[in-house]
Every structure is written in C-alpha cells, then in structure tokens.
Amino acid sequence: MKTPLRELWTGFRSLLTGMRVTLTQFFKPPVTVPYPYATLPIPERYRGHIELVRDPETGMSLCVACKSCEKACPSGCIVVEGIKREGDKKKSPTVFTVDFTRCSLCGSCVEVCPTEALRFSRRYNLAGTDREAYFLDLLKRLQAQAASTPTPATKA
Amino acid sequence: MTEPPEHQAAEFAAALAPDGAPAAPERPGPDSVSAHVVEFKRRGVHWEAHVPPAQVVAAARWFAEKGFALDTLTGVDWIAQGEMEVVYDFFHPHTFWRAAVRTRVPRDHPELPTVSEVFPGANWHEREAHEFFGLRFTGHPHLTPLLLPEDADFHPLRKDYAP
Amino acid sequence: MSTSAALADAARAAARAEGRETFVLNLGPQHPATHGVLRLKLTMDGEYIARAEPVCGYIHRMHEKMGENRTWAQFLPNTSRIDYLSAMHYTHAYVAAVERAAQLEVPRRAEFVRVITSELNRISSHLVWFGAFLLDLGGFTPLLYAFDDREKILDLLERITGARLTYCYYRFGGLYNDVDAEFLRGARDFVRYLRPRLDMYRELVTENIIFRKRLEGIGVADAELCRRYGATGPVLRGAGVAYDVRRAEPYAVYPELDFKIPTHPRGDSLARYLVRMEEMEQSLRIIEQALDLIPEGPFRSKVPKVLKLPPGDTCFAVEAARGRFMVRIVSDGRDIPYRVKLRTPSFSNLSLFEEASRGMLLADALAFLGSLDLVIPDIDR
Amino acid sequence: MTLPEPYRLAAFVLGALAFVGLNAAYLVWVERKGAARFQRRPGPTEVGPEGLLQPIADAIKLLSKQVIVPPGADALLFRLAPAVVMAPALMTFAVLPFGAHLTARPMSVGLLLAVAFGSINVMAILLGGWASRNKYAIISAARVVSQNVAYEIPLLLVVITLLMITGTLDLSEIVRQQAGGFWRWNVFKLWVNPLMPVTFVIFFICLLAETNRAPFDMAEAESELVAGAFTEYAGMGFGVFFMAEYANIVVGCALATALFLGGWQSPFGIGSGVGWFLLKLYLLIFTVVWIRWTFPRTQFYGLLNLSWKILIPISLGTLGLTSVLLKFIRP
C-alpha cells in the first residue's frame, strides 16, 4: 500500500514541479524580437550573396576577370567576362553576373579570388515575386553603390 | 572477436574457401576468395576481403555470426572494365573492427544473391543499390525503388546514365 | 500486384483469419508527426499497427550523383544539406575522408575548432530533436525553450561561419576562416548558460510522470535488433551498446578529451531520450576541455589548388548527431570523385521501424518514431 | 430583481449568449497570450492593441471560409454536430450561480442539469467524427467516447461525495452554504472529510478530461490524428467546435468554483459578490491554460488507467470515508 501511494505522490509532485517551471518562465520577459520592427545585428561574416569590392583608390572594381570564381562555383552560377583596356595593367570585368537562384552560398568564389575583389553582401531579407530580380548584375550594383555612397568604407 | 585483423582475415578466408585458396592480396581473380589487412589510417577499414558474387551470403553469415553489423552496401560502376562492384561495409558494435567485402558482377548481367535474410537492414540498402545501379538481388522480397519514384526504370548512378 | 501490396494483403489476411478487420491509414507525407515528408503506410487493426511500411524518397536529391559531376571541393556545399541539423558533422566526414585519401595534414588549432563547432552542432541538433519530440508527444512549450537555447548556438556559429544552418565551414586541410576570441568566450558562456537549462528540462520534462509513462517500455529496439539493421547513434546506445564513432574510430582530437559515452540498457524510447539528454551534457564537457586546450596557430594547411586523389577507396566515419555517418569515396585519380557513397544514420535507424512497430498502438508508434530522431533529407539524400 | 418573467428570460438569454460568445472569443486570446508568455513570446500583437482584436479577425477569417462537406460524409450529421456541441454548453449557463441573485433559472436540480448536459458534448464529437468519414476522425471519435465514459464515473462519484455534504442539488444553495470565509469552502472542509482537497483535484482532472483539454486532448491529438474529429471541418464548423471547447471550460470551471471554491463568496467572509466568482473562475481557467502549455499529452491507455485504476478507487474511497464521517461525527 505504501509504495503505490508514494508513487502517486511522486508523480503528482513531478507535475507540480513542471508547473512551477513554466510559471517562472511566465513572468520573464519574452526572448523574441518582433521582426519587422526590430532586427538583430547581422554578424560581420554573414554570407549574403556576393558583391564586388571597390578599390579604395580608384573606386573601380578590384576584379581582374581571371574567372577563378566561375570555375570554383559548384552550381555554375557566376558568369565573368573581361577585357584588357588600353593603358591598364590588368584585365577588368565587362560582365559579372550571379544567378542567385542557383547559388548555395558556400563562399568558394570569395575564397579563391586572388585579388579579394569579392565579398559577401549583407542583404538578408531576400524575398521577391519574380525570378529575374535574382539574376544579379554585380557591376551595376557596384555602380549603384558608388553613386549612393561616396566612401567605400560604408557598408552595403 | 578481439583478435587482430590479420587473424580475422585469415579466418574469414579459411571459412569461405575451405579448399585453401590463396589469401593473396594481389589483384584477386573474380572467382577466388581473398582477404587482407589494409592500413586503417589510409583506408578507414581494418581489413578487406574479396569474394565471388555467389558467396556473399556465406560471407554475410560469417560476419553475422561474429557479431558484426552491416554498415552499408553500395555499388560502384566500373564501366571501363565492364563490371559492377558491390561493396559491403561491416562494423562491430563491441570491438569496433571495420571490414569491407567486395564482389564484382558483370555489368551486363548484374545479379547476385540478397543478404537481407542475414541482415534485414540490407533490405533497404539493396533496394537502393537496385534502383541506383540496376543491380538485381535475387531472392530479395521486395525489390522496388525506395528513393526514386516507384515507376522509375532508370539507374542514375550508372556511368552511362544520361538524364 | 507489387510485392508491397502483397505483403499488406498478407497482413490483412492474417488479421481477418483471426476475426479482425484491418484498414490502411496513410500517415504523411504531410502529417504533423513525420517532421517533413516521410510517409508511413499503416495497415491498422483498430488502433493497433499490423504493418507499417515507410515510404521514402519524397525529398530525394541524388547527392551521390551530384558528387560525380563536380570537383572534390565543389561537393562541399552538398555535405551540409544532407542532414541539415548536423551539417558540421557531415562536412567533417567528407572533408576528413578526402584528407585521409590525400594524406593531408590538418593543423591542431583547426582540429580543436572542428571539435568545438561539431559539438555545438550536436547540441543544437539534439535540442531541435528534444523540442520536436515533445511536440510529437503533445507538449508544445519545451520546443520553444529548446529553440531559444539553439538560437544561441546558431548565433555563435553564424558569427564564425556566416551561416546559420548550412555552414560549409570546414575545408580540406583546415577551416574556411579562423575563430576569434569573441567566439571562444561566447562558447564558454554558452556552456555556463546551458547547464542550468538542462536542469530545467530535467524538472520540466524528464521527471514528468506523464512523459515517463508514455515512453517507458515503448518501442523497444534491443541490441540484437539494432545490429541486424545497422542502427547506430543514440538508438544503439539506448540499447546499452557503448558504440560511438568518436571512440570506435577516433578522429580529430577526441582521443585527447575526456568524455563518457552514455548508455541505457533498456532500449525503449525513454532510454534513447535519456541518452541524448546526457550526450548534451557530455558535449558541454568536451567543449569546455577543447576551449582550455585550443592552441594558437594556423587554421589551414597548404593544399594544392587542383586536388587530385590517388586511386582507390577511402572511408571516413564520424559520430553525427543521429549516429554513424560514413563517407566512402572512390577515386580514379582525377580531380572529380568517381563515386561518393553517403552512409546516413537515419536511413538505417528508420529501417528497423517496420519490424519494431508491429503490434504497437498508433500513438506509441509515433512516440517511437519521434525517439528515433529522423531527419528526412538524411534518409532520402 | 423582480423583472417580469419574459423580460427576465430575454435578458438572461442575451446575457448568456454574450457571455459565452465573449468568453469563447477572448479565451482564445487569453490562451494564445498565455501560451506565448509561458513560451517567452509576446503572442498576438498585430490586430489591435496587444492583439485584442485578434479574435474578431479570426472569426471573420473563419466565417469567410467555405464550409466543405466531404464527399461520402453524412451531410446531415456532419452539419448537426457543431450545433449539438454548442447547445448543451449554452443550456448549462441557465443554472450557473454567478451571484447571489444572478442566476438565469435557479433550479432545485441545477447540479443534475449541469452534469447531464455536460456529457452531451461527447455525443457531438462522436457524431462529427463519425459523419466526417475520415479514418483519423473515427479513431478520435472512438477515443473520445471511451475517455468520456471513463471520466464520467469519478466525476459523478466526486459530485455525490459533495452532495452528501451539502444535501442539495441547488447550486445557489450550495454556494450559500459556503459563506463566511475560505475555511468554510467545500474544498477546505477538512473536518467533514480530510480528503476534500484530493476530491477537488480529482474533480479538476475529470473536468480536463471531460472537456478534452490537454493533457487529455485525445480528441484533437494533433501530432497523431492531425486534428482528430475536427479534421474535416472547415470554416465556422471548426470555429464552433473551438468555441464549444472554451464554453465547456467556462462551464466546468464555473461548476468547480461553485461546488468547491465558494462561488461568489469572498474568502474573508465580507464583500461577497459576482466579482469573486469571476476571479475564481478565471483563475481556474488560467490554470487550465497553464496545464495545457506545461504537459505532454497522456497516452490513451494511460488515461484510461488513470481513471479506472487511480481516480475511481480514490473517489470511491473518499465517498466511503465521507459517508462514515458524516454518519458518526455529525449527527
């Protein structure tokens, strides 16, 4: 008789313990962030889609159109074309597009780039209604950035 | 099963080829049984064996008796040699030995007996190998595609597969 | 008629012979308890299961074929997407297999970081399982608590890898980039933070009488059953077998660290639950020790730009959150894999479900299914 | 308080409907907010301040949805079930003693009526589940019936225990007997039966089981049976089942308040009124919410075991003990 009763009591007590735990949580403030009104800081190394880095001196892209990134990309989503302009020491890109719909954000392209001309952007709220919005022209993006932000140090 | 791998390999070869076939590690013939120790640090297994396709059930039974578990089994399509290799991976849950058994079947007639009687876990692995490679495991109770659609009649991991 | 239908018919006929009538209940592929797109074709006798046939493949992506179409390095992003909850382990196995085949050196610092991140990943994976399992059992709140804790791990890992789920952080011969002091401090803080939380889970869940009554003796998968089906990980350890790849085939710097392999002999759902909960504590211990021992130094060794592996087979297994994950790579000497075989733990762990669930009640079977901790892409690959 | 009978009736019908409607709607809000706070979330915030208009938005959404009767279902029973589940809960409000003079229809057999109507909702769920022609729904319906049968017994045994103490079925009279401070509430009448608190706990457990609330939510069991008996219900059909669940909780908790916690009586003996009744009622409802968001669901046979092997023996024991004590201690 003693054991079943004790079992019953232990079981019941375990329920009360559980209720105590949830009640303590009840009086603590919420841990969530109300997303569209507040956002968490994006970490330094956040891997968004890639973008071109500007040369701090010339304001042009650092890319030499070597196509290392194109070759390294597992999904084949980068297209780079480049020419050697008159008077330049190295090639510069004429086409640099990313098919972001196929990108897996692995970072291989950034890793292989010999001139560190690529970096991850910090765009995270990537939602759209059409596919075309994610065929990114990085050269255009670079120009737009140059137009809006005079100093390259400011973030994207 | 605490003996070192060389003993296990020898015992295995002796059990499967009682007439004393040579346990030579050099390029084994398709119908001979051989077993040899390999370097774990390079290969990830302690010893390997080669058996003819007809003897995979006997091999599996030997491993089952020793308390091994079937890790996985998979095919490799050696299209240049016109052969399909089937690799059975075993691990021992208590003594931690790892062993692999290989067998080769002709590519145009990829048929070998099922080991799902010995290791029920092989059932799914064989279904997978069947759908991916077109290997036919005779005696398998339910040899239908597992991961591919049920009406799939193609074998994507064959080297000549073109979608 | 297919064999499957024949088997289902046989189960039905057997039931009818005993004067019972069966019906087929289609559970999934969209059902709250299957966590993704697993489908169970249940032949039911009332609320009892006469036969449960898992139907997989709904999210099959043929990673193994993808591996044959790209260079060794290009396969890396795929590895995080097989089991999205323990991406670190999967990348680890693949990277280490290639390192083993090419005989590449890995700097000690990188090995320690691999251990720390892997164990953090294991905890986060177990936390998701813990929450989802309780959800299966009808308890909603622990899920949110577990996700709160997991969020802290994801923040830490995002800090160093830049991603929250598909990290793709390890590289041949080391890491993608080095960890900073902030991360190491954060990891230490996290260890300190999680311990009282685990105590809270014990009070809220583990000791709860309703919870224990639901799991005790339910879904027994004993050591012999696990061996026949090749089940590993917490399923095997919940059957009392101290098999852990970190011990069985030591890799990285695990041999230098002191940790226990938790086992429970009963093989029921509760045993598997307890194993995982204790594993989280052990992972915390491992992280603590690794944080003490981590040396300064390079995080990556020199690796040839175009990596070609010598011909032959190489295996590498790691203890992923769900069990033994093994990569078998076959090289023919080129820079492209000849064959990549992924041996995933959930695949084997699920295959025993059909045999073990026979004669169980539906609700029990779902508790059992939850305790196996399945990740469907891990089965389907 | 002496309105002519037809007006009185109309006032109370309207009052009961408004009370039930408001409660059902806002208990959903309370449940969601409560659940959120238990889980360290803010809960609904978007519609209205603190999400207070959320129930209205929910109602509009449900009303604007198509009511689908699945092919092969028994259309009549399928449509009837929501009405059958709602009606008894509404009827019971007639006898609930909210205040000393605030009862729609004070009846000498009020408790009997409440208990009788309280067990009709199981039939509604059975009807709905069976008429849906869905395997999950039928399994759920079968579970609900056996669950409710199992819990009706300890519930009634507890009520009988209480009846022996009060000697009346009139709910208002039962509350009146408990006047004069919290030590005179039935739950603390330890000199009549030292096990009164246990009786209350049993009553509360049975209440959870009868209203199909977690941890006894076998009817819904969303992780096993999708949505159980309500799987096939869309739009307001589902909404009515949902509201009925909350209406039943209100009825159950109101009964518990009246029977054990002194109804409208103040715990200090002075200042009694409807406010106390509502306070106790909502505290009990909060506990119901609190329990739901704390525990996992019980196993189905565990639930039956709990009833047949634990609750029924104990309630029989308290029944026996009370009768013995009443016989020998109070002449």
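Miscellaneous remarks
A, B, C and D label the chains in the order they appear, each numbered from 1.
Here is the rule we use: a residue touches a chain if its C-beta (ideal position, glycine included) is under 8 Å from a C-beta of that chain, and two chains touch if they have at least 3 such contacts.
A quick note: this is a predicted structure, and the numbers were derived from the prediction, not measured.
Chain centres here are C-alpha means, and the one lying farthest from chain A is D. With centres taken as mean C-alpha coordinates, the chain found closest to the middle of all protein C-alpha atoms is C. No other pair of chains shares as many C-beta contacts as B-C. If you average the CA atoms of chain A and of chain D, the two centres end up 51 Å from each other. Chain centres here are Cα averages; for chain C and chain D they lie 43 Å apart. With centres taken as mean Cα positions, chain D sits 63 Å from chain B. If you average the CA atoms of chain B and of chain C, the two centres end up 25 Å from each other. Chain contacts: chain D has residues 38-41, 293-295 touching two or more partner chains. The set of chain B residues touching two or more other chains is empty. In chain C, 141, 145, 148, 204-205, 208, 210 are the positions where the chain touches two or more neighbouring chains simultaneously. Across the assembly, chains come into contact as A-C, A-D, B-C, C-D. Chain contact summary for the complex, chain D toward chain C: residues 35, 38-41, 135-136, 139, 142-143, 214-215, 217, 221-224, 226, 293-302.
The touching residues of chain D, counted against chain A in their complex, run 34, 36-42, 45, 290-291, 293-295, 310.
Across the interface of their complex, chain D is touched by residues 23, 25, 31-33, 44, 47, 134-141, 144-145, 148, 204-205, 208, 210-211, 213-214, 361-364, 366-367 of chain C. The residues of chain A lying in touch with chain C in their complex are 10-12, 14-15, 17-18, 20-22, 25, 31, 43-47, 72-74, 104-108, 111, 120.
Against chain A, the residues of chain C that register as touching in their complex are 70, 73-78, 81, 141, 145, 148, 155, 158-163, 166, 168, 171, 176-177, 200, 203-205, 207-210.
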